[in-house]
Structures are given as C-alpha cells and as structure tokens.
Amino acid sequence: MLRSPGLILAAVIMASVALVAGLVQLQKPDTTAHDNPRAAMATPAAHTSHETFYTGKSLTTGPEVTAACIECHAQAAQDFMHTAHWTWAGDHAERDGQSVAIGKKNLLNNFCISVESNWAACTTCHAGYGWRDENFDFAEATNIDCLVCHDQSGQYRKQGGTGGMPAADVDLLEAAKSVARPSRVNCGTCHFSGGGGDAVKHGDLDGTMVHPTADIDVHMGRYDLQCVDCHRTTKHEIAGRSMSVSISNTRRATCVDCHAQTPHPDQRLNAHTTAIACQTCHIPEMAVRAPTKMTWDWSKAGEDRPEADPHEYLKIKGEFTYESNAAPEYYWYDGHAERYLKGDEIEPKLVTQINRPLGDATDPAAKIWPFKVHRGKQVYDTNTNKFLVPKTAGEGGYWTDFDWDQALRLGSEKSGLDYSGEYGFAATEMFWPLSHMVAPANQALQCADCHGAAGRMDFEALGYKGDPMQRGARRQQGVLRQGNEGAR
Amino acid sequence: MSKREFYTIHERIWHWLQALTIIALMVTGFEIHSPHVFKVMGFETAVRVHNAFAVLLLINAALGFFYFFTAGLLKIFGPRSADFMHLAILQARYYLFGIFRGDPHPMQRTPENKLNPLQQMVYLSILNILLPVQIVTGILIWGAQRWPAAIEQFGGLGLLIPIHLLTAWFFLADTIAHVYMTTTGPTIFADIKQMITGREAEGGH
Amino acid sequence: MNRLLLHSTPVALALILSTLAPTAMAGALHPEVQLLDVGGQPVTRSGQAVSPMRSCGGCHDTKWIEAHSPHSSLGLGEPGGREYDAGPGSINRFDPLTYDRVSFDGEFTFGIADWLKRHGARHVGGGFATHDADGTPLTDLESAKAGAFTHALGDDGEAVVWDWQASGTAEMNCFLCHLPTPDDQARRLALAEGRFGDVATATLQGAGVAEQTASGWNYPGVAPDGTVRLPIESPSPQNCGICHGTTVTAPGDPFFFAPSADRRATLTTGSIFAPGRIPRSGMNVASRDSLARPWDVHAERLLECTDCHSSVNNPAHFAESSETRPQHLRYDARRMDIGEYLLQPSHEFARGRSAQTTARRDLDDSMRRCESCHQAEAAHDWLPYRDRHLMGLQCEACHVPEQFGTTLANIDWTILDRDGEPIRRYRGTTGDPDDPRTLVEAYRPVLLPRADASGQTRLTPHNLVTSWFWVDGSTGAPVSRKRLEHAFLTGDGFHSSMLKALDATGDGKVSASEQGLYNPHQVNVLAARLEEVGVSDPQIRGEIQPFGTHHGVATGRWATRDCRSCHGEGSRTTEEFWLADFAPGGVMPEPVGDSGVEFAGELKISECGHVVYQPDPKLAGLYLFGTSRAAWADSIGRLTVLLVLAGVFLHAGLRLILAQASRREERS
C-alpha cells in the first residue's frame, strides 16, 4: 500500500499544489476590507403584486381601502396601531410622579408649536383618516391610512385640513393596486415637508432626496437606498429616534447597523470614533441644496408688511431666516435628551431649550454630534411663565383671524393649559441631530476643518482643555469622569 | 517478454514535477521580463508565482539529487566505457543521417543504461551547469531584497539578471529540443509513454 | 500606559515652544517689546523706523542670530559655485530664474542695492543688506571705484553711488516671519522704492502699530516709551510661504495663485502646501473633480513648516546626527535649555538635501527624514520586495506621484520680449498662467538617481528647468541683463537687426510664436549685436537645473501603488521628460554640475522635435524587472531558440517526408 505508485503520485501532487498555492498566498497583501456594509444589510421581502386584487370591490373612501387591506393584513393593522406613527406618542416621561406618554400629539416645538386644537390641519401627516379633533378613534383599524406609506402609483395625496383624508381626485383603486415596500417618496411626503414646507424643519431631509445625486446623500444618491433600508421595520415598528419627539435611546437606526465601528484604514481616524459620531465628519454641511429654516420669530407675526419673500416674512407666521449649505453646530449627545413638556415653567429672560441633548465631555458614552439648532420666539403666558398652545389652523385660528388672544383661548381649551389672558414671546432653541445628507467619503471633513486656527470646533466650549490634536483625547486630558471609563 | 520498468515512480514523479516547474518558471519569468508582451497573469502575480515555483523547484531538485545519489543512479549520467566518444559519434551520426534512412537505433537501452552518450552530455550540462547557475542566480536575485549589500558583491542585479535571463533562454531552447527528441523513439510517442508509465517502450531499443 | 508620558520632555518642550494654533492666548505669550530705532531711541520719540536688531535685541542676541542665519547671508562669503559664480548661494550664484548677478568682482553691472530693490522681497534682511563682505556696515563704506556694495544702477543705466545713510539698511526683519499677519505689500513697496530702512517698519504695519506719514512714522497703540505688546509667534506656513511657495492653512480656502518667482518652490516644482482637497480650491487642475485628495497630506494633518524645518539648536527638535552620536545611544537627552535657546535661537534651519540648494552644505540632511517619523516597514507590508523598494526609491518617488501647480519648464533668455522679460514656458499648460481659467495638467516628476545622506543612491522625483542664456565666450560668464537690454531693445521695441531676423512673417512685429532662435542665422544676428555692445565671443549656453520635489505628498491610494507604473513598457523610470519644444540656437542644454543628481540617461531630441530627457536607471546601477533590458542576453537567447526551432522543424520535416516516402514505397 505504501509503495503504491498511485498513492505516491497523488501525495506528491497534493503536496506540490499546497506548497505553491501556500507560497503564492503568503506573498499576497492583506486586503481584507475593514468595512463590508453590504453584508449587513437586510434583504427586503419579495414583492407580491396587488395588480389583480380587489376584484368586485368598490374603493371610494380611504377607510374602504384599509378595510380591503385588513382582509389579509389584519395582524399588520394591529401591529401598526401600537406604533408611534399611529399613536403619535412613543416615549414616556415622568410628570408629578406619574408616567405620561409623550409624543407629537402633546409636545410643543418651536415651529408650528403644537397639534392640539389644530388637528384637522396637522394630521394631514398622520398615517390615518379622520383625526379632526380630540375624539379620534385610535382603536378603529379602518382609520389607518395604509396608502400614504405603501402607495406607489404616485397620485395619492392627502387633503389638507381634513384630518388626513385622501384628496378627492385620487384614484384609490389604482393606489391600492400599486402598494409595495415604502420608497423615499412615501416617507418624504410627510417628513420632507415638516414645519409647513419643503426642507423647513429637519435640515437634513427635503425633496432633493427623491432623486438625489451622490453629493447630496451618498446612501440614497449613489446606492439608491430607501429609507426603510436603514430604518428597518419589523411588525411595522420602524427603527429610528427623532430627538424632536423622542427622548429615549432604544430602537435606533445607526451607522453601525451596517458599517464597522472602526471602518477607516487610517488608525488616527478610527481613534476619533470614541468621541465623535460618524455624522460629525460625514455630514459636513446641512441643507445641501434647499435652504432650511434657522430662525422663526412668532412675535413679528400679524404685521401688514409687503410679503416679498416667503423665506423672510409671512404674516401668519412671522419672521424667518433660512440657510443652505450651512455648517452644523456641535454638541455632546449620549442618545438621551431632556425635553420641555407642556406645562413646564420657563425663565422667560433666558433661552428655553425645547429639547436639550444630554451628555458632556466627562461622559464616555457621549459623542460629539452635528446639530441643526432652530432658534425662535414663541408665545407664553406671562403670568404662569409657561409656553402656550395657540390655535393656528382652522376656524378662529391665528392664521385666519390674526388674534393671539382668541387663538390662545381656543388653544388652551384643547391643550389643557391655563391661559391668564396675558401673553408674551420668549426665546427657544430646538436641537435637530443630523443623520441624513451624508456626503461621499472623499468629501468628509478634513483635519483642518475641526482642528487648528481655521477649525469649526470650539474645543474649550465642548469641555476639553484644549485642542485634542495637541493635548490628547479626553482620557489623556483628564476630562473623562472616573469610574465610567471603558463603559460604552 | 514482459516490459521492464525503465523509470521508477520516483524518477517519473521527479521528472514531471521538474518539467512542470521549469515550464511555469519560464512562463512567469518571461512575463516578469516583458510584462507588456506576455500578459498572462499580471506582473505582480507573475512575481509571486515565480517565487513559489522556484521554491518547489529547489525542493524537487534537492530531493531528486538526494534520491539519485543515494540510490546509486548517478552513474546513469556518466560515461560507462572507454569507447564513450566512439559511441557518441555513432549516436550523432544516427540522429543526423541514420534516422532518415530508417536505421536501427545504435544503443541497446537497459534500465541501468538508459541514456545515450549525447544525452549524457546534454543532461549533465543541464543538471550540473545550467540548473545550478539558474538556481544560484535566482536565489541571489531574490536575495537582493534580503541582503542587498551582499548582492552587490556578486556584481549586483545588473550582472545577475542578464545571466539568469540568458540561462532561461537556454532552458527554453533545451526544452524544445528535449521534447522533440522524445519523438525519436520506436514510435513518436513511445518515449513519452515510457516516462509516464515507466514501462519499457514497445519494440524497445 | 499614558502615551504622553512616554514621549516625555521633547513633547512638553515642543508644546511650549511651538505654539501651533494662534488662539487668543498664544500671541499674548510674548512679553511687551520696546520698539527702538537704529540709534537706540524709542521710536515714539524719534518718529524713525523701527530697528529689529535693536528692539528684539533687548532680549534676544540678534547679532548672533544674524550671524547664524543663512536666510540673511544667502551664501555670501562661502566658497563654491561654478567657475563663473562668485559663490554658492542665492546672492552670488548665477540663477537663470532671477538672472541678475551682483557684480562682486569685475565690471560693475548690478549692485547690492539693485538686487534688494528687485529681488529683496525674497530676502529677510540683514547680512549683505546691512554689511559688506568684510563686515563693515554699509553706512560706513567709502566709495572708491564702482563696487557692488557701494554703487547701484542709475536711471541711465550707469553706476551711481548709493547713499545708504539716506535709504537706511534693511536689517534682518523679524516681523516678516514672526508676526501672523505681516504687511508684505508695504514691505515690497519699501524695497522697490529703495527705502531699505523702512522695510521692517512697513512689515509691522500688519500688526496695526505703525503708520507711514509724510515725515516718518507714527505709532498708534504704542506706549510713549515705545513699549507695545505684539503677537509674536513661531512662524506659520503662511509666513514661510511668502517667499518659499504656495502655502494655505484653511482647508476650505478657494485659493488661486499664479506662478510667481516669489513662490519659488511652487514655480519650480509645482508643489503646493495646502490642507484642503484639490476640488475645494480655486486652481483649475485638469480632472480635478476626481482628485479628491489633499494637496499635501502633511498640510492636511496640520503639520507646519517648522515641525520639520526647525532651528538646528531647537531643544524640542534637536537630535544629534549619527555622525557624532556614539553607537550605544539612540537619543541623547542632554540639550540646551529653553532660556538659552530663546537668547540665541539659531536661524539655521534643518533641511534635507535637495538638488537646488547649494549653499551651506553643512546643513544638508540636518532635517528629520520621512523615516524619522514614519515606520515605512509597517505601512508597506503589502508591497512585494518591500525592502528593495525602500532601498532603491526615495519615499517621494511614490508619494509625490504628480504635481498640480503651474510649473516652470524652461526659460529662454536668448531673446527678451518687449518688456525685457525672458520667455517662460510651463508644464501642462499653454495658456496664460495668470488667468485662473487656464487649465493646468499635472505633470509626473522625473525620477533621477541621487545619493542620500548615507550614500545610498535612490530614485528621487525632480522637475527639470532648462534655461538658455548668452554667455561671454572668453570668461564663460552670463551676459548681464543690462547688456542684453541694451543690445536687443531700443526705446520702443526691438533693435532693428533683431526684428528683421526674428520676424518670419514680415509683419513688422515679433509675435509669441516667433520669439525664439530657431535657426543659425538668427543666432548670428543676435551674436553680432551682442558683440557690438561689447560682449566678446557671445555663445549660447543651455543649463538644466533639477529641482527635487518633496512637498505635495500623497498618501494611501493616491500614492503610486500599481507595479506597472514602473515595471513594464510604459515605466515612469524611463519615460521621456519634456524639457522644451525646441533648443534655441540648436544648443543642447547640459545638466548643472553641482546638484548631486546623477543624470543617468539620454538628453535628446524626440521624434516630434522636442528637447527631452530620457532617464535610464540601469545606467545608475538600478535594474528594474520588466523595464530594464539586457539586450545581449535577449539576443543570444533568442538566436539560440530560433536555431533550435529551425533545427527541430528541419529534422522533423525531413523525418516526416522520408517516412511518408517509405510508406508509399511499401504500399506500391
């Protein structure tokens, strides 16, 4: 057996092949990719065309369409009704020892202020039909608007001022047949136009993302990712946290869902990831094309000025400033925020921070994030020192009658706040962390954009003793709080 | 009569491994020398593959030499009788004239006496001159990476590489000639078959 | 383990000494200075110009500093140079880029005062601007016969005595390099107008503490006794760039710079020291949108010139050279203390060994090299035959693969244009280099063998600038500009004989395309004209000056990584490097003799008639696989194989034929 020539031959061949292959391989450089985000992306479910469905059905109203959907997707409807897109309340906050659900339905912001008393207009962006007042039936499944997220026919619109009903000229049957996985257009229908117009609110979400180029957003432009590729959804629970209405740090959509934590070939750049969020370097500017609103002074509303430029003044809203391609502001953020809740007292001479990012240089869990900061002046009760909810839209609203007193009375009835009859305007700030408009990697911030004389970071204001390039990271500078080091 | 085993499994394996290795080295070597003319696998890969096969060649040559030496087979390559030159001339005449006339092969081959005098001379020079020169210059050229100062002592790459290159050309010429000469057996493929199976060729000579 | 602790003293010292970021704190570190004039009086009382030697000399040993400042001496007093040079430095070596030679010996054609007026912008002052070669202050010199230090060119081109008392002398100008915002415009104006004593004060205007009046100087913001707090700092790249090359500090700066003799490194090599990515700048570089790389990676990483080119006795950077350092020591921690250093900071700056710097050769290789900071072995694991590459190539060979600034290629002094300027041609562009819209294509520097400090010959990237100029055949000295202008130009244009010779189209004008000595007749006409003005045996000489490119460093994927760049037919190491479209007067240029570069290659006229240089690394002992040829081995080898093949085919053919013939016989 041992002397079998065939065996010897085979052994020699295998040994030679192994030797040669091994030697060739040995000389090859290590080109293992640091980062392989494609591998981490979820594969979407296969699409089932609904073109041939709904035979014999009359789909003339929104709820009728929803009823048709529920015939097969009853569980989906139930799942959806537990989510924040339906309830407009996701997180909970402590108020007088009690846990209160907070969200868009009852929080104030410094844009259009609050949806309470203005439901019929504001709920045009609710994924439901008929939320015209406080008596909306959240338990009724046919009130769900499936089409706003799933329609792909392109002609589906919700009529303003109706509490989210479809526009009259929409062919609901065609819409129902076209349903598929939500695209950027679906999400953008609402999220691009927050604050009353395209690009107004977020600073990093606007209509240019429908067909973006790579330099507007590299994920959506170069790779045609849809929103739901990053905002992964299971049982209609969509990942993602907006600091405007959420204060918790769970179920986020993060860069490291797909990318490696230290994806750079350069070690110095990887070292930044302990203190700097990915977004800080990779979103060098916000509102890359369309300008975003940076300030909103409600106190100037109601004046009869010539409205030459709606980007500067509108009688119904007041004075604004817009900026495009602007540098963000940078603050520490550990994922949690402090929120101004309806009914909290303010110090009217100081700027009230509607939603302050928590975290500072001493906290190892905090990182420096880029923010759009929207500054404004909005109405408050000068006796109780609390921000008030005005009725702006609809009958008797400020936008119709330009009467603050009336608007505040009507708004207070619905919001539950006391209105003493005397009002003023106090300054506010609202923080919008940026995660979209990610520039291609070769346009990320460079060293000198943050460090050095021409840099955009104020290191001392951020809590460092000086520029980390010279003095070392937080650990070296002795800035980190003891005991928490290493905890992430 | 039963066919005798002319080439043991060891000789055959060594031979073919040597052949494969030398061909691989020639192909990759010529690509390294003129990458714009021979575009087989890319310059970088050619360098790596050339190095890998060079190691294989070294091992094979060393093991082969060891085997031949310890098995007492080295005498195959050397002259066996005083009339070596006479036999050599006879052989030469055969190749130049006799083969055309259909003359019988002048040498009776036995397993102990496989190589005709001309073959002995050629193989001896290949194995004792060309191969060592190629191996040594090859190691020194590779060594320019490791021991750069020492290599300068040997004349530097400017001397080593042309020698290596010239020897490579000679190997190419020898390979062509060698392959052709295998067709001078009883049949065109008889000798090659002999090197594969090891058994004596049909109508042996 | 705390990284900062590991680096101990040098880093601490560096932090103190090299204040990089001029925050509000940094400028305030320097104590108040009392501004004194040349006589030692506070300038607020005398209204005179500031004397940096006196003012700064209150704390710093300015005489010592000036004595240890090659920026001031520029080679005066050093031996060296070619046979027609008076020395090896910028002041006494013939430089075709500036052309004007101070006539230190022989007939007066150009004086120190003239040099300062025309070229003083690139001089920091002091040295020959205040003293003559023997150390006598210029103001004390007696003028006997016309000499470089005592005389200057008058309006009619004749030598006149220069009154140094009236003009003042240009002292070493501390403010130029040590103020973050020196007023360079005012300084140049003072130089051009010959008001040398005002130069330093003009520079100080940038700090807002000096104002020129009709009768002298006013000093707002300065205390009555002359004391003022100035934002004195260690020089930033902006300071160095005033004279040396294009430097930018803000990455988003959409800068545009036209090529200028003032920014010499950029003019001669194309390197730009800027942190931003190329598409963010205002330079019209071809294919710039695909060049998402920083101009220079060290600039991007916020290194400054002084980080590498530090003062040779700066205790933070000082590293004893391996020549004197004993073998058992890697690093000798004993050094000058800060106070001693600040008293006498040497202004001899560390430098490498470039082809173009020929003065103060003792300062060669005093700078840290790439390997002092970088671990090339660790970063180049992917590179086959890594050590061989690191041995045969300078880092810059792969890490400065191309240069994007408008780079000078040749300069033709054999004829002058209407303004008395030579014809300059640039690489990669044919349009007007002063126009931001002119497209510039990057060029690949030529790789030439050069011995480094350890004697190792390595391929180093260079730009070659070729110049042609007239020389006096008897002395070998270049003909002065004064003579050239006198010979070629009249009051309103070209001399008639020259015009006739050059005007090929006969339209009475010499157009841009006609400006060149294309045939021997033209050469003879101009030579005759030069003889008429007193040049004996006028000849044309061509000179090639190599300029090493060391800035504009690329990293990562922008460095050369493809084997085929050098190994194979289109190899960089053997490609023709364009020098000029034609050789004026048919004179082939010669490499300048003292650059240290081995011109291992062939200077020739290419197929399209251009003057090109084709390097051949094999001539320098460097053999490259795939590129270098061993012609004799290939020839003999090929011949052998062909013969064998021929023999085989013949033999086989014959056997085939005969076998067929015998088979036919058998059948029949």
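Letters A, B and C mark the chains as written, and numbering starts fresh at 1 in each.
Everything that follows uses one rule, which is that a residue touches a chain if its C-beta (ideal position, glycine included) is under 8 Å from a C-beta of that chain, and two chains touch if they have at least 3 such contacts.
Everything numeric here is computed off the predicted structure, so don't read it as measured data.
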Chain of greatest Cα-centre distance to subunit B: A
Between B-C and A-B, the pair with more C-beta contacts: B-C
Geometric centre distance via CA averages, subunit C-subunit A, whole Å: 53
Distance between the centres, which are taken as Cα means, of subunit B and subunit A, whole angstrom: 73
Subunit B-subunit C separation of Cα centroids, rounded to whole Å: 58
For subunit B, residues contacting two or more additional chains: 47-48
Touching two or more other chains - residues of subunit C: 384
Subunit A: positions in contact with at least two other chains: 27
Contact set on subunit A toward subunit C in their complex: 27, 29-31, 265-266, 442-443, 446-449, 451-454, 467, 469-470, 472, 476
Complex contact set, residues of subunit A against subunit B: 5, 8-9, 12, 16, 19-24, 27-28
Contacting residues of subunit C [partner subunit A, same complex]: 2-4, 15, 20-23, 249-253, 275-277, 292-294, 299-302, 381-384, 556
Subunit B to subunit C touching residues, read off their complex: 32-36, 42-44, 47-48, 95, 99-102, 144-146, 148, 156-158, 161-163, 165-166, 168-170, 172-174, 176-177, 180, 183
Subunit A contact footprint on subunit B (complex, rising order): 9-10, 13, 17, 45, 47-49, 51-53, 55-56, 59, 198
